[in-house]
Every structure is written in structure tokens, then in C-alpha cells.
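The structure's right below; bear with me while I get my questions together.
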Amino acid sequence: MSFNTFGKLFRFTTWGESHGPAIGCIIDGCPPLIDLSDKDIQTDLDKRKPGQSKFTTQRKESDKVQILSGVFEGKTTGTPISLIIYNQDMRPKDYASIKNKFRPGHADFTYFKKYGIRDYRGGGRSSARETASRVAAGAVAKKVLEKKLGKRFSVSGAVTQLGILGCDTSNWNKKIISNNPFFCPDKSMIKIWEKYLLDIRKSGSSCGAIIEVRANGVPAGLGAPIYSKLDMDIASAMMSINAVKGVNIGSGMSSAQLSGEENSDEISVKKKKLKFNSNNAGGILGGISSGQEIIVSFAVKPTSSILKSKKTIDKFGRNTSISTKGRHDPCVGIRAVPVGEAMLACVLLDHYLMNKAQCM
Amino acid sequence: MSFNTFGKLFRFTTWGESHGPAIGCIIDGCPPLIDLSDKDIQTDLDKRKPGQSKFTTQRKESDKVQILSGVFEGKTTGTPISLIIYNQDMRPKDYASIKNKFRPGHADFTYFKKYGIRDYRGGGRSSARETASRVAAGAVAKKVLEKKLGKRFSVSGAVTQLGILGCDTSNWNKKIISNNPFFCPDKSMIKIWEKYLLDIRKSGSSCGAIIEVRANGVPAGLGAPIYSKLDMDIASAMMSINAVKGVNIGSGMSSAQLSGEENSDEISVKKKKLKFNSNNAGGILGGISSGQEIIVSFAVKPTSSILKSKKTIDKFGRNTSISTKGRHDPCVGIRAVPVGEAMLACVLLDHYLMNKAQCM
Amino acid sequence: MSFNTFGKLFRFTTWGESHGPAIGCIIDGCPPLIDLSDKDIQTDLDKRKPGQSKFTTQRKESDKVQILSGVFEGKTTGTPISLIIYNQDMRPKDYASIKNKFRPGHADFTYFKKYGIRDYRGGGRSSARETASRVAAGAVAKKVLEKKLGKRFSVSGAVTQLGILGCDTSNWNKKIISNNPFFCPDKSMIKIWEKYLLDIRKSGSSCGAIIEVRANGVPAGLGAPIYSKLDMDIASAMMSINAVKGVNIGSGMSSAQLSGEENSDEISVKKKKLKFNSNNAGGILGGISSGQEIIVSFAVKPTSSILKSKKTIDKFGRNTSISTKGRHDPCVGIRAVPVGEAMLACVLLDHYLMNKAQCM
Amino acid sequence: MSFNTFGKLFRFTTWGESHGPAIGCIIDGCPPLIDLSDKDIQTDLDKRKPGQSKFTTQRKESDKVQILSGVFEGKTTGTPISLIIYNQDMRPKDYASIKNKFRPGHADFTYFKKYGIRDYRGGGRSSARETASRVAAGAVAKKVLEKKLGKRFSVSGAVTQLGILGCDTSNWNKKIISNNPFFCPDKSMIKIWEKYLLDIRKSGSSCGAIIEVRANGVPAGLGAPIYSKLDMDIASAMMSINAVKGVNIGSGMSSAQLSGEENSDEISVKKKKLKFNSNNAGGILGGISSGQEIIVSFAVKPTSSILKSKKTIDKFGRNTSISTKGRHDPCVGIRAVPVGEAMLACVLLDHYLMNKAQCM
């Protein structure tokens, strides 16, 4: 059971609501003797932090993380690592307007149906603010993997489609990706995406996005048939991110249209080095990593909160309408990039530890 | 941990290799006092059974299931239900040809890298034969859900794309779907698909497929934030099926291209009945069912075993080549339909029980 | 996996070291709509709080708990409840004396062997301070059980043996138990125990204790064969408490000496009311509650930190010796009473929810 | 969740009723490349097999085990190992006599209250027959541990108290233990125990027993604070065995009566070899193995089925009485010895794998 816990051997449990005093997470199962400081985690959190450009939500959150346990004299001790991030900038919004109404596309209606009660302030528990905890956990996972697998290990994500606009992903360069507000890997598209998103923002609308996350330096053998397949756990991880509606491994949904010949990732050896002729499998065969690059992509639906009025009902079962005012995020997908990276790192570490337990 | 176990409160554990003496599964957590007989399970197994048409594998398996425990005087007792299916038609194939070679696109290479040993006969544990166990578990899950939710509950799957050919899914009719060898929901496409697949088969090639599974009569409130989201568990379930590379909930990957307005599933009430204007969410909001139809689709890659010779290596690290002989299945996706239905039923029952525990 | 998580459906995860900034726990799976405030938890914490009498550790801890999430407008919301207790009175002890030495009977040696690193300050993670988190979780469990089972449900613990001194448990009265510093249920023994423990304290020695915990108002049917037996989970819960070395259900270890006739808890019905003639089973048959009173007892070994010098080794493998100075707790068992109550409440709620899921 | 599954990384799931067609178990998480044959398992099963002496149940069961999966060419493959044991000697007893009655001390009443249905034939699922599956799983665990830890690793159990009769355990010799029908470690007591038990048997009564299980060659570092303590999992394992009511680690319940000085297991080093002066801790400190011998004991209550008539009720709530006829086992505790050994081996392997994952 794992309502708020993710992972099997490397596990994190998150807690907190958007407008409560704080959010946080507990990381359990982290190997001991890993160098770790607040700063290691803060760097990744800053990447996810809102309010950094006009293209994402304007809520100002410093997202300052504090380690409360599990680290002694700069090293992990093998005991649970508790992280806390205090909430800030909780504006005295007019919550009255959404207190009793269910915003379409949000979790308002379903939380109410399930629990009979909900913290309606800023989405409460279903707010994307929870993903800060994941980014923190992912930062720790990356530190462990870098120690265990060496510097050849890396995880890197980008937005590969913004609304209706795709881009060229053949020149995947971390520097380019991190130097534009869209995590776009294609320099030539940045200006175009910028104009596109500004227009959407001005019109009060929103768009979806596709995020791609890649991991390099992953050894063959991670994953486990039949119900701990690496791709199962990755799909599950990505689908847990707010607003994600689809997940692909390698060629993903497109593989349905390939012929057996096209899809075949032939294998050969040259100078004792293994080579796959292609990577439709996204680095995973039979649920187990092949040593190829792990390639995952997922779709984030358009922000549900838009300025246009929408029909909905209230908790008393009456017809009404709702529209968003104030801070408006034209594409929530952009901020999902560091979250996807973090989740992939966590899944990979989890499977690394499982493989170590059973097969090494 | 769950290498071979699926589910949380309704759990099944599968075992067995393609060419061992038998395969089977243990179902744990099934509520007591549910009517259950071999026949209830056999009906679903027969739907998945290979050798039924020239479009699927020609291996003859009677797939005769036997209940070994957990049922007393025709009713479940709440104790584990053990099911066994003996293997048949294990032809004295020339296994020598694949004993030391890794078939591209298969789990041969990764199993060997992980475990240092593999049962190479017919794919061993990674064979699609394992899915018979899931169909059996799904049959039990459906019996329970029908008792708990009433006859309004139903699960229904179809092939909605066969290789490059789509079809019209607007007239979803269980009878039409089950009366053609492709589980195609569009009468007008059956002949076209038939010719297309026969051509592929003759040429020794293969194609992928997209399967869509729908569930009706699912109440609002199933699912649980943040890491037991209903869509997470569904994505995980579908991704666990052999050869699946992508999963969509509702609009899925396409939702990236929608605008906030298009994607908004507005809610209204008419004569005390709740109505959503659309179902881009696939019946799930914030990880919790909304009461709408649950809609899932997933892509199955083309059969990796094709007649054309492919480059590969052997377990000694030498270049070689391989081609499939004998029984050849041009589209493994077709047989994934009852498997997808079964997995969806299992996930829904699991969440029904979890919701009952916490919220009812 | 559950290094720092206890429970299946009602789960709590604890974190924190004795001398870190804080300790705390996350409660997951709590039903919604339960009235809950800081005060509900504080009452139980105060019972465990050290420094309340000269018979327990003199460390002053206010143990002030704060709810950080999961409660909205005075009610649980079904989302994780995060509790934090800041550490206080962390005296600038001379840690140098134990920094490199392993205190016999403590976890110092084994933590170091396992992790290669340990927070040696005040026992670090292995400090009994962690049990404050359990008492907090137990307070929440009791609130839920009282709502679900009614006021007839209650949990009550006592010290039934202090070192070599037993007592009469036939007149089990909550008021008497809570009105003496030993949680002794036998008024006539209080003065005798007091003298006994003062003598031990003066001599710088320590003694063990047996704690008995009882639950009333538990319905028949909680527990699950074969590996979620109610007595398994209770034994596991009690054995998780610091310094516990033995656990009995009902007649426990003594049942080995009973004859079949003596041990037989005969059943009869009188005026439609079920009656067991005895309760050697401690209210559990075949791992499932019978509706009788649940009776559990466990032994806490004598405090390992005594004033007398003891032989030990240091982390460099050299012989040395160690003796405790300063604050000294002659019987750690006494403070285990509220912890045992809390753990029993948590196990019972967990099984109540499991039973609800599968059988109600 | 684990109704019928035991373990975390090395897990086994058992199924089957006393009078169904078969019983069995699935072992999941077993490392690959371990030599394993039916015979390895059969040897241990034969030790538990009933009908071997007049002191245990007279039911004749050949308990012939068959491996159905997970082993290829004599070695484990890392995939689930399915074991089946067909039931035999299911006598056409007069089940009518117990069909509607609840035998006192048995699980009849509680199963019925929980599930509303039960397989009453021979105890159904609650029969001690289920323990054959555990012995089989334990045999596999021992094979793995012997490979991983070397031949210095061994597990050995004995009956150390038979009813009111104790024995001398200071000369623990596997040969002596296995060469008498009571698994008694004290040669001088065998004749006395024999007479004692024959008398009990003749009188139609029964007695309890205490079983002690020891493990040697266990390295320091196995176990994990706080809620996967090695002693928690051992206590849980032993308490899961039918009719067990109490569990001790090391000095166990007696530790309550020790002084801090007596209980202190002082540590010293001589010629670079670590030495503990005593082993009150039973080889476990702070939930983690210290490298000392692991010592566990548990009490099995007297057989509930005795020839004397006992008062009870039937499922319609009416007073009645019951007495056992035919096969009668004067001390079920004896056959618990190989079961206790098996459970300890399984727990140790589980923790060995967990430790490998996190700390090695």
C-alpha cells in the first residue's frame, strides 16, 4: 500500500497541502555514507521553482529546503531523511469563489466524492506544489546513482512538444535545454515557442506539452519481470505527476504503426563493444534495461484553470460556472521537466537496489 | 515488493514458464462468498486462447484451468485461490538454434544479463503464455465487481488500430467486437484488416496494434492520491503486458495538443443527473474516478519474431544472425485484448477494496 | 518494505534522531472526517513524556506536537497527517566519551557494523525518543477506532512486573493505573515498587519490566490468515519497541505448561450472549479476533546504561570500558506502557480497515 | 499487504486447504544460479512429515513435493519457484460431527465470524498442513544462505520443554536432536519425555511445548531499524506458526527479571576476535544482528483437539459439546521444530538480501 509513498527499496513519502504551513517528504532506504547537504537538493528545487519566468505560475515560492534527519556530519546514515519546505506567498485569495464549486479538469469533484471533505485552498493536496518534494527526493537519488554508477550516469529532460508545436530532438544538449525558459532542446524553436505561448497566455487559454526524459549510463539488468518491470514503474512514476495523461517508452504509441522489421533493434558487436542499430525499445526489453539509453516521454494536459468561464456544479449539486482569476499558468507541462527527471532517477535507483539484492 | 505479484488488496501472483510442466496463479484477498467455478474462468481463457484463427499463433493450447484451493461448495472462502493450467503442445522444436542466441526485440538478452541464466525454450518466463494467468485472475475480479457494483459494471476491450489502419470507435458494441477475429469494433473495417494482416503474414512480417479498454459502471471515488492514483495503477497494469510500449488515459498523448478550452470536461446537472460534456480525462481526475466511463488505450509493438533474418549476437559475444521458423504470429496485439480487460478489472477491484477500507 | 513505516492500511512513518532538530511522523491511510486537533495527540504524548518523576529519565522534553498537514477545519481529510515534535534539552554532554565506543546492550555496535556511520549523540535514531512518534500515531488510531467501534472500544496498559516483583492484575482499573508513576494496576504494591526502584536507582543499577496491554470492544473477525495474523502483527509491533525481548498473547509462554483441558477456552451461549469460560487465547484464535478481550504482554530488558563500568571495545577494535554518567533511567520499561497501548491501537485499526475491505 | 505471503525480498506465498486436492507455495525473489532439486526440499519435508512416530498425528502423508517452475537445468533462474504437494490420506471422516460446530481453541469460530463460510474439513486453511509449504520454502532459503554465507551458516531447532518438563540445552548437538522423536537436545531426558507423552496420549489429553531455534554463522548487520527489526520479523514469523502464543529473543520474557549488570553482554577483543561475554540479547541489538548466535524460542499451546468432551456452540448459536475422535496428536509442538527452523532461515535470507541492497 502506498497512498503517499513511492518506491520499493528507495522510498519517499510526501505530505502537505498547498496552503498548509509546510510540505515535505521522508526518504527511506537511502544507502549510508552518501555526501548530502541542503545545497545538493536546493539546486534541483530551484529548477522547478515557480515564478521564474512569465511563462509559468507567478506564485513566488523560495522553496527553501531543510534536512531534519538522516544526515550526520555531511553524510547519509541509512536512517530516514526528513525534508521540509515551508509554504510562502499564500495570498489571501478570495477562496470563497471556489470553496463550494468544482473546477472542471481539477481534482475538486473527485476528492469531494471520495473523502466528503477537501482543503479547497489552492488545490490542497492535489496542488502541483507537492512535486517539489519529488524533486527533492530525486536530487538524493541522483547523488546515490552518481556514486554507485559513476559520472557516466545522468538524467536529462526536455519539453519536446509545446501545444501543437514540436521540435527537433536530435541534438540533445543539456546546456541548450537549461538555458531557455521552456526546457526546449531545439535552439531554432525557442523564439517561435515564446511567441506561441505569449499569445496563449494573453488570450487566457492554455496548452499541453510533451516531456521527454532520458537516462544515460544505466547498466543492463535493472528491472524485474513480471510485475516490477522497469517500464511499469516508469509509467507509473510519470502518470503520478499532476495532469499527465499518457506515457511512452521508446517509440511508445507510435510502435503500433511500425513493421516488425522497422521495430527490430538489431544487435551487433564491434571491437568487443555492443551496439544496437536503433532504440525503439527505449532501452528496456522484457521489463529489464538493456544498457541502451532509457527514453521516456509523457503528455501533460493543458492547464485546467483558464480565464474563460466554464460550466460546472457546486457541492450542493447545482449548476453554476467558474473562471480563473489572477495568477495563471499557460502551460503546466514546462515545470514537469525537473519532476520527470526526478521520478526517473528514483525509479532507476530503486531498481538498482533491487537488482543488487537479488542478482549481484 | 512484487516481482511476480500484482495488486495491493486484491493480489495475484503468477508463476510458470512457457515450456515447464504448468503455469498458474494464486489470487489473494478475494472477498468470500462469491460464486466461482472453473467454468467462470474458462470462458475468459477461451477468448485469449491461441490457435483460434490464422491471425494468431498456431500453438494449440487447451488452456484448461483447474481451481486447487480457496473455493468451497461453489463459493470463495476468503482464502487464496490457486489456479493451475498445464502446458500442452510443447513441440520438440529445434531449440538449439536459439539456445545461445539473443532474439532482437525479445527479453533474451536482458534476462541473460540480469540472471546469468535463462530458460530459452519458447521465451521461458517472458513468454506471452503468462498472460493466461492474468486473464484467469481478471475473470475472478469481474465476478466480484459484478456482485459489488451490480450488472451495470462491465469491462470491454477492442483493437482500435491494426498497424497503420485505424477504425471508427464511435459505435462500441460488444457483440460486433467479439464476433470477428480482430476484436475490431468497426464492422466496415473487418474485411480490410483481414486482407492487410494476411498480406503481412504472407510476407513474414508483423505489425503492431492499439488496444482500447473501457469500463462502465465504475462509481466516483476509486483511486487515491498521490502514489496510488487510479491512472498510475492502470498504466502500470497495461505496461506489464508483453510488448506494450505506451499507455493513454482518455485523450492521452493527444491531450498535449489540446487547448485548455477543448480539454475542459465541463460538468452540469440535469434532472439530478450529473453530466460531463466530454471525457478527455478518461474518467479519472486527480487520480480518482469521476463516475464517467474509464477509457484506456495502449500500444503493442509488432511481433519481434519475424521470418526475415536479423543481426544479433550470441551469449559468447559473437556476431550472428537469427530468423524465426515455424509458428509465426503476425500481430501479438490482438490477443492482448482480453489481457487488457482482465488487468483493468483487477485494478478496479483493487481500488474498490481500498476505497471501501478508507472511505466507506 | 518498511524500514521506518509501520502498518498496512493505516500506516505511519517515523523519522528523526534524538539530537537532531526534530522528530516526527507521517500517518497515511487515516479515514477522512475524523475530529482531530493537536490537543488530542498531546494528551497521550504527555503520558509518555520523560522527566515526570524521579523514576524515569530526567531529560526535560516538552514534546509539543504540531500537525502540519492532513487536517482541515478540525477534521482529517484522508491525506497524510504530518506531525512534528521539535527536540529540546539537548545538553552539551560530553559526547566525546561515547563517540568511538560501543555501549554494551545498545545498538551502537550493530549500527556501526551495518551502516559504517552512526549519529552517536544520545543514541541517534535508536533512541527511545522515537517512540513519541508512535504515541502520536496511536492517539490518532484511537480516535478513529472510537468513532468506528464506539466508546466500548478502549486500550489500556500497565506494568505487571517490575524487575523481580510481580503484582495482582485481577482488578484492572484505569484510574489506579494512571495515578501512580509505575502504571501499576495493584494499589497494594505501589509503595513496595517505589522502594525497590529507588534502591536500584541509588545503586546505579537498573531492572526490567513486563508490560501488559489490553483492548476491549474489539469485534470478532479482525486478523487474517496466514501471514497477517492479528497476533503476528501485534508481536511484531511490540517487538519493535526499544529493549523488548519477548511477547506473549494471552497465556503466552506459559501455555506450554498447560494441559489441553486447562487451555481449552470453552464456549457457551447464555441469553443469546456468547461466553468463553477462559481467555488463554488472549482473544485471538487462528490469527483472528474472537470478540474476547485482547491481552498482550511483553518484556522490556533492564536499561543498558548503568553507572557501573562495563567492558567494551571501540570502533578501532580496541578493548576499553564505559560507564554512564549523568541522567540515568533505572527502568525504561515504565515508559513503554503508553507506547504499547499506541502500537496495539495502530494494529487493531489496521486490521479493522483490512477486514472492512475484504469481508464487510 | 500479505495475507498469504511472507517476506519482503525473499517472499513465499502459500495456498491450499487440508482436504483440497493439493497445497503449495510460490517462492519469489530467489537469487538465480542456486543448485536446487526436488530432493533438496524433500529432505526437510520428511523431517516434518506426520505419521512418523506414535507421538505425532497418525495421518499418513507422503508429502511428495514437485517443482513446477523457476528451476532450469538444476539451477534457479530468478523467476518464481512454484512447489506443489498433493494431498493424500483424506479419510472419509465423519465431518458431519464438526460441520456446524466450532471446536474450542481452533480457528473454526473466528473463520466463520470473519468470512461467513469455512471449509470445515480437517481445519481447512487453518490446518497445520499449511506448514509443509513453509518447510519447503525454508529448504530453499537454506540453500541460498549456505551459498552466500558459506557452510558456517546453519539453523538448528529443538524442543526444550515438553509440557511441564524442561531439559538441559547446554550441549546442543544436531545429531542427538535429530535422533529422537521429540527433537530433544538432552539425551538423559528422552526416556522421561517418552513416558510422559505416552501417558498424556493414553489419557486423551495433550500438552504444550517450547521450541528453541538457533542460527550460527549470521554476520553482523542484518536487520533494519525501526520497523524491519530482525527481532520483529522473527517474532512475526514464529507467531505465524499454528498454535504459537509467545516468542522470546535471547533471554526473552526472563530479561524482565535481570539486573542491568546481569543483562549486559559485555564486549571484548582477544587476538583480533570479537567476544561477547554472554548472549542475553539472542544475537540482536537494536534490531540488527551482532554476529553472535541468533537464539529464538517460542511456545506452542497444547493440541486443542483432545478426547474429552468440551462445551461449545454451533453456527446457529446453540449450546452443544464436542470431542475429538480418531487420530489424535498429543503434542503439536514437536512438529513445529522444522517449521521454526524454516521460518528463521527465510527471515535471515530476507534480511541478508535487504542488507545487501542498502548497505553492501
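All chains are identified by letter, namely A, B, C and D, in their written order; residue positions are counted from 1 within each chain.
The definition used in the following text is that a contact is a pair of C-beta atoms (placed from the backbone, for glycine too) under 8 Å apart; a residue touches a chain by one contact, two chains touch by 3 or more.
Just so we're clear, the structure is a prediction, and the values are computed from it rather than from any experiment.
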{"item": "Labels of chains that are neighbours to chain A and to chain B", "value": "C, D"}
{"item": "Interface sides of chain C and chain D: same vs different residues, half threshold", "value": "same"}
{"item": "Chain whose mean Cα position lies farthest from chain D", "value": "A"}
{"item": "Intercentroid distance (Cα basis), chain D paired with chain A, Å", "value": "46"}
{"item": "Whole-Å separation of chain centres (CA-atom averages), chain C against chain D", "value": "26"}
{"item": "Whole-Å separation of chain centres (CA-atom averages), chain A against chain C", "value": "39"}
{"item": "Multi-partner residues of chain D (each touching 2 or more other chains)", "value": "1, 3-5, 8-9, 14, 29, 32, 78-79, 114-116, 125, 225, 354, 359"}
{"item": "Footprint of chain A on chain C - complex, ascending", "value": "1, 3-5, 8-9, 11, 13-17, 20-24, 26, 28-29, 32-33, 68-70, 72, 75, 77-82, 84, 114-119, 124-125"}
{"item": "Chain B residues within the chain C interface of the complex", "value": "1, 9, 29-32, 78-79, 225, 353-354, 356-360"}
{"item": "Touching residues on chain A, where the partner in the complex is chain B", "value": "1-6, 8-9, 14, 102, 104-107, 109-111, 113-116, 125-126, 130, 161, 163-164, 200, 205-210, 220-221, 223-229, 231-233, 235-236, 238-240, 242, 245-269, 272, 274, 277, 280-282, 284-291, 299-306, 308, 310-313, 317-319, 333, 354-355, 359"}
